[in-house]
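In this document, chain identifiers A, B, C and D correspond to the written order of the chains, with residue numbering beginning at 1 in each.
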Amino acid sequence: MLFSNPQFEDLKEQVRRFLQHEIYPLEKDLLSKPFAQMEPVLMQKRDKVRQMGLLAPHMPPKYGGTGLSLVELAQIGELLGTTPYGHFVFNCHAPDAGNMELLAHHASDELKEKYLLPLVKGEIRSCFSMTEPEYAGSNPLQMATKAVVDNDHYIINGHKWFTTAAQGAQFAVVMAVTNAQAQAYNRAAMIIVPTDTEGFELVRNLPVMGETGSGYASHAEIKYHNCRVPVTNRIGADGSGFMLAQERLGPGRIHHCMRWIGICERSFDLMCRYAATRQIDQGVMLGHKQTIQNWIAESRAEINAARLMVLHTAFNMQQHGAKVVRNEIAAIKFYVANVLQQVLDRALQTHGALGLTDDMVLAYWYRHERAARIYDGPDEVHKSSLARSILKQYGLDIKA
Amino acid sequence: MLFSNPQFEDLKEQVRRFLQHEIYPLEKDLLSKPFAQMEPVLMQKRDKVRQMGLLAPHMPPKYGGTGLSLVELAQIGELLGTTPYGHFVFNCHAPDAGNMELLAHHASDELKEKYLLPLVKGEIRSCFSMTEPEYAGSNPLQMATKAVVDNDHYIINGHKWFTTAAQGAQFAVVMAVTNAQAQAYNRAAMIIVPTDTEGFELVRNLPVMGETGSGYASHAEIKYHNCRVPVTNRIGADGSGFMLAQERLGPGRIHHCMRWIGICERSFDLMCRYAATRQIDQGVMLGHKQTIQNWIAESRAEINAARLMVLHTAFNMQQHGAKVVRNEIAAIKFYVANVLQQVLDRALQTHGALGLTDDMVLAYWYRHERAARIYDGPDEVHKSSLARSILKQYGLDIKA
Amino acid sequence: MLFSNPQFEDLKEQVRRFLQHEIYPLEKDLLSKPFAQMEPVLMQKRDKVRQMGLLAPHMPPKYGGTGLSLVELAQIGELLGTTPYGHFVFNCHAPDAGNMELLAHHASDELKEKYLLPLVKGEIRSCFSMTEPEYAGSNPLQMATKAVVDNDHYIINGHKWFTTAAQGAQFAVVMAVTNAQAQAYNRAAMIIVPTDTEGFELVRNLPVMGETGSGYASHAEIKYHNCRVPVTNRIGADGSGFMLAQERLGPGRIHHCMRWIGICERSFDLMCRYAATRQIDQGVMLGHKQTIQNWIAESRAEINAARLMVLHTAFNMQQHGAKVVRNEIAAIKFYVANVLQQVLDRALQTHGALGLTDDMVLAYWYRHERAARIYDGPDEVHKSSLARSILKQYGLDIKA
Amino acid sequence: MLFSNPQFEDLKEQVRRFLQHEIYPLEKDLLSKPFAQMEPVLMQKRDKVRQMGLLAPHMPPKYGGTGLSLVELAQIGELLGTTPYGHFVFNCHAPDAGNMELLAHHASDELKEKYLLPLVKGEIRSCFSMTEPEYAGSNPLQMATKAVVDNDHYIINGHKWFTTAAQGAQFAVVMAVTNAQAQAYNRAAMIIVPTDTEGFELVRNLPVMGETGSGYASHAEIKYHNCRVPVTNRIGADGSGFMLAQERLGPGRIHHCMRWIGICERSFDLMCRYAATRQIDQGVMLGHKQTIQNWIAESRAEINAARLMVLHTAFNMQQHGAKVVRNEIAAIKFYVANVLQQVLDRALQTHGALGLTDDMVLAYWYRHERAARIYDGPDEVHKSSLARSILKQYGLDIKA
């Protein structure tokens, strides 16, 4: 029982059952109704999670969380990933989960009091505003948003997009250049901007893969017009923006990967179930077809491989810190994202026309998780970065 | 200038310019607004096509069409495929195009008068009702919809789905079992059922890849409750349903394939354009990256290969008839559908987050053309069927 | 340090150094000279291994081996796999290693004394004679070789091929049908046939991938003409042949997989080394090319995934026995074989024309390890078998 | 009958029959015996080809060839490619075929008389000495071999490898730098060096994929030590070396591609034949397995696509010259090489262990045609070069 023990297996079983009985039955509605309409029932489910003592499992108890280890969290994250709003119900969803970690590690006590505690309790939501339409997200050093100090305030101007869940959020963590003259990696800082700040303009929710969405389920384009916030709203030291972003991304990638593995397992289960029961001819089931068998076998192997890689990375990160696993983090990001795409594709193809409909969850993932190979660094950037690190050991510095 | 000549190149250029100036600029609206709202402007554009003498290019002049040959039609089809409503504007879109061909070849003069002529003129729309949710579409012999003769009428009962464009259509061509005792391939017939027939119930437009759509842009679930239509509404002889479906699919697959190649070319163009102009670092364009270069080169080769295969098949079908190219038809169906998926995937990935938005046409195709590997027979069925035919030449009859 | 500890890491380092200093330098000769010519120097190296106390690491000390656990053995096996004759030098090479395990677990004391002890000491060699040219190896139930009892002897007749290392072996373990009337899986037995038995005909060494080879480095076609051996030469109970073959294959597949991972790591190392040092233009190294970077990154991820899967399987087999990991065994067999092929292909392509020559070890593996996807059950069989086992959990029995 | 006509179909049928009856039966010997031993029988077969009037089909009649057009030649080349020595028997094999074209177009009358005519007659052989071990073949501008003028002679020094068929050749066409100060592409020239010139050292035949080979079937490493040849041995103008190499490669790539398609067709035929006749269980043939069916279908589609692309390129080159098809040439080179590798891999896997033996031709091609993705420019170079040309049309000059 690598990476686990009987007690933790019991906890996983509890989570599994909760999802099956409380959340899976909501899926069809969640896929077809606006977020605002579903929010009340999701909040009721969240209450149950709170009663189970499992809310914000990624946060230490002192802030109100469950305090799971990274390896445990990863395994719970897989389970939550099996349904689109699993993480939300447990209050460990992006981008709030990352913002909580950021605030816990680097914010002042005042900011923690004001923003972190209600976040952990699930009373408010937040967003993270970094990517800009004018610049390639793959190169974070290109950034036009500026925060200029005016006495004890920052005046922020900029244009962001893909600010997930901005609608309804209480505040944004904004990445802005505070010192354009500094060294490339020391130019920016992260600053909290409440969404009711004058000059905060939510231009639109982006139409992404056919859906503009709303509330938590949306990705906003935002303009910051002379937004004025106290300098004390900065998280961490001046110039620490990229460092914090990097720090945020490490465990963040593990969380994404495990969520994807959850999607894979659910898709795999749907595929096998359908293969075993869908008749295509007198006495012939889909599962009798060798092509379907190949897909089942290949998916099983790939998911197993993916999970072991991610848990192994989490284990090493837990033991030795984030720096030691930089290469592993890059590897799992592109490796698991591709397993995800393949498994989803096979599961959908197995279901034929049914798989295209929103009567099932597959088509939702098929279109929304296409983003997995893009956000947090596209595959191509991770591959080059991993190769760069390896080639350095062979004496070649690609960047030089 | 294989498969073409200077005069025909001029015609293609004319179509190309029309699409670029009249239709491409509408795309963003077409992707975001309900069909009903866009229908008037599409109809205005269709008027222009009518004035150009290019309406219904697949139909012979005697019915009001342009009368292009199959090889010419294929090339025009590629151009129309470069934009989501290209075929619609030229009135040669599925399922109406196939229904027109069906009526032209097999309907009585009375039916032609009543249904074919207004279809060709683009005054009415129709739909094609074959697939049933309870049975695998890959095996057309499984079918529960029945048409029972009652004097000189059929009484039709059944449950269909993926009846594309049913909403707003004047009539459906319904595939129904008329003689359950006949040999498997002789059991069914195609019957025209006007959509205002009592008992015709449009249950819902299916939510497909996040969109239920409306009007022409929808896929309906339909129930036929004791629908009563004259026996003279049957198209062709009794028991000819499967034969007609097969006949319909041959050129239909060429049209699909060429439309996909149009999508590929447009996606390729968008990819190259973006690669050449998107800066990712000081003086470094996306196109400087070898991975992007690989995608461009591989896509170019694959699209070229796909087009040659389809035009060659069309050419042979034109010369020697549909039977001779049965194997070729199977091969292009799965081959081109896979090229489509790969090219789209690369084009989308090249655009990063932008590619996920409906500010571009790529995400629309990414989700809607996933169906290409499923409808008209999934890849797996075409591969087995092609292999069966080949192995027969080596003395092995797989079906035996 | 999952699956290891500091002490075992020291042992691995010792093995690593031995291979680098004693065996790698022999490779060019090993690749170009006949086995007989190289055998003496290999035997000298084996003496050194004996002095290090590492001979036959897979065997318990009571038979003269090192007594490593399966998880440890797997890791040593990876190291030995980095060079073509690594396992041979440590006397844990196929097919002798499998024969030793077979004899240790199932042979009579007399047979152990006579055959096992000298095998463990590395004094004699053996072979394993199962596959027949007339029947598909993927279906072991098809078998024509027969052993008929005549008093207290078997009289064996049959035709085998791919009997690896038969030339120079002292005995063959022959799989033969002893009771054709028994249930399919109980028809055969394994019987020791000394190669000097009358009627044992080594027809030829098969030309495999351009090489007929000789001695240990060969694959023989063999005919058994009325070979007469005592019934006591049978290993295990009558009818136990398939069961023993199955038992042999379990750990055997782990050994193969780890050897392949060793090949992958060595190929990866060669690829990176060449990428870092091969200039393709003024100041431009191969490693500056993004395509090469992609190959390095993808290979790194795939090898990591492969190793974790195999070690995890070995760990589970060690903890819970072979039956529990049947599915895992099937998964690693095809998964790792495909990683192997991809990594080898990339490493070879990176080296360009040099990679095709036998001045390097890559071309040797490229041609000889193509067999990895075929022997011990082709990929296709393992996939179907894994899928069958999974679908059974969903209520579908494919075989029924 | 695109690209053909009934008369030419008859010629193809004649060639097909000749190969089947005269050459295929020799294959097993050709794969296992040294070239010198097989040369006499190959020469007898060549006599028959001469009598059929088909010797040197690529050369114009004025030099003694058949004078086929490029499109015809391509189709004959496919047929010859179905067996390893097909081109040799018809005297249109590499590197002699390319050398003949080179001499025909650019050599002086004297050189033609001395070298071209006996080549066309098949009386002598030649080789082409360009690649150097110290430099990446992918960048032809890197070259150390030098030819220094000394009165009316060149003195040549250099180190080459992969000089195919040098053993037994009467002369080499050597690429050497004659003017190191000239612009990069004008530095070299092609010079004829008879192999009996003093200082011509055939260092060794390279061991390639396990075979050093001999005679025509070998690839030599060669050193040129102060080789002295008349300046009149230069082919074409001084500085024209790269231009001539480029010119040589255009049709050369078409010939390679068609030969590969021949290999594909033969492999496909072997695969289907085996699938239809190899029993894997009572009444179950390999061809009943859907995986095998997939391979057959995919291979059929890919080979068709590959052939159309190459013939279309040949057709365009014939009509409009080599420059117009530069992009097409790059595309077919990598596209067809990859189809070849896939089809070969599937055919081999279908045959199981038998496919690994030299009892069949598949393993020979598997190891020797791995070079297809490397010589004449590796895939990666062709892809970048094609992408560069395309991106230029979009305003981005990658090289700038």
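Here is the rule we go by: contacts are C-beta pairs under 8 Å (C-beta built on N, C-alpha and C of every residue); 3 or more make two chains touch, one makes a residue touch a chain.
None of these values were measured; they are calculated from a predicted model.
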Numbering shared by both copies at the chain C-chain A contact, with half separating same from different: same
Chain of greatest Cα-centre distance to chain B: C
Comparison of B-C and B-D (more C-beta pairs in contact): B-D
Averaged-CA centre spacing for the pair chain D and chain C, given as whole angstrom: 37
Distance between the centres, which are taken as Cα means, of chain D and chain B, whole angstrom: 43
Whole-Å separation of chain centres (CA-atom averages), chain B against chain C: 52
Residue numbers of chain C (touch at least two other chains): 289-291, 294, 380
Chain C partner contacts - residues on chain B that touch it in the complex: 289-291, 294
Parts of chain D lying in touch with chain B, wherever the complex brings them together: 2, 272-273, 275-277, 285, 287-288, 290, 292-294, 296-298, 300-302, 304-306, 308-309, 312, 315, 327-328, 330-332, 334-335, 380, 382-384, 386-388, 390-391, 393-396, 398
In the complex, chain B residues that touch chain A: 31-32, 131, 133, 136-139, 142, 161-162, 206-211, 278-281, 286, 289, 291, 348-349, 352-359, 363-364, 366-367, 370-371, 373-375, 378-380
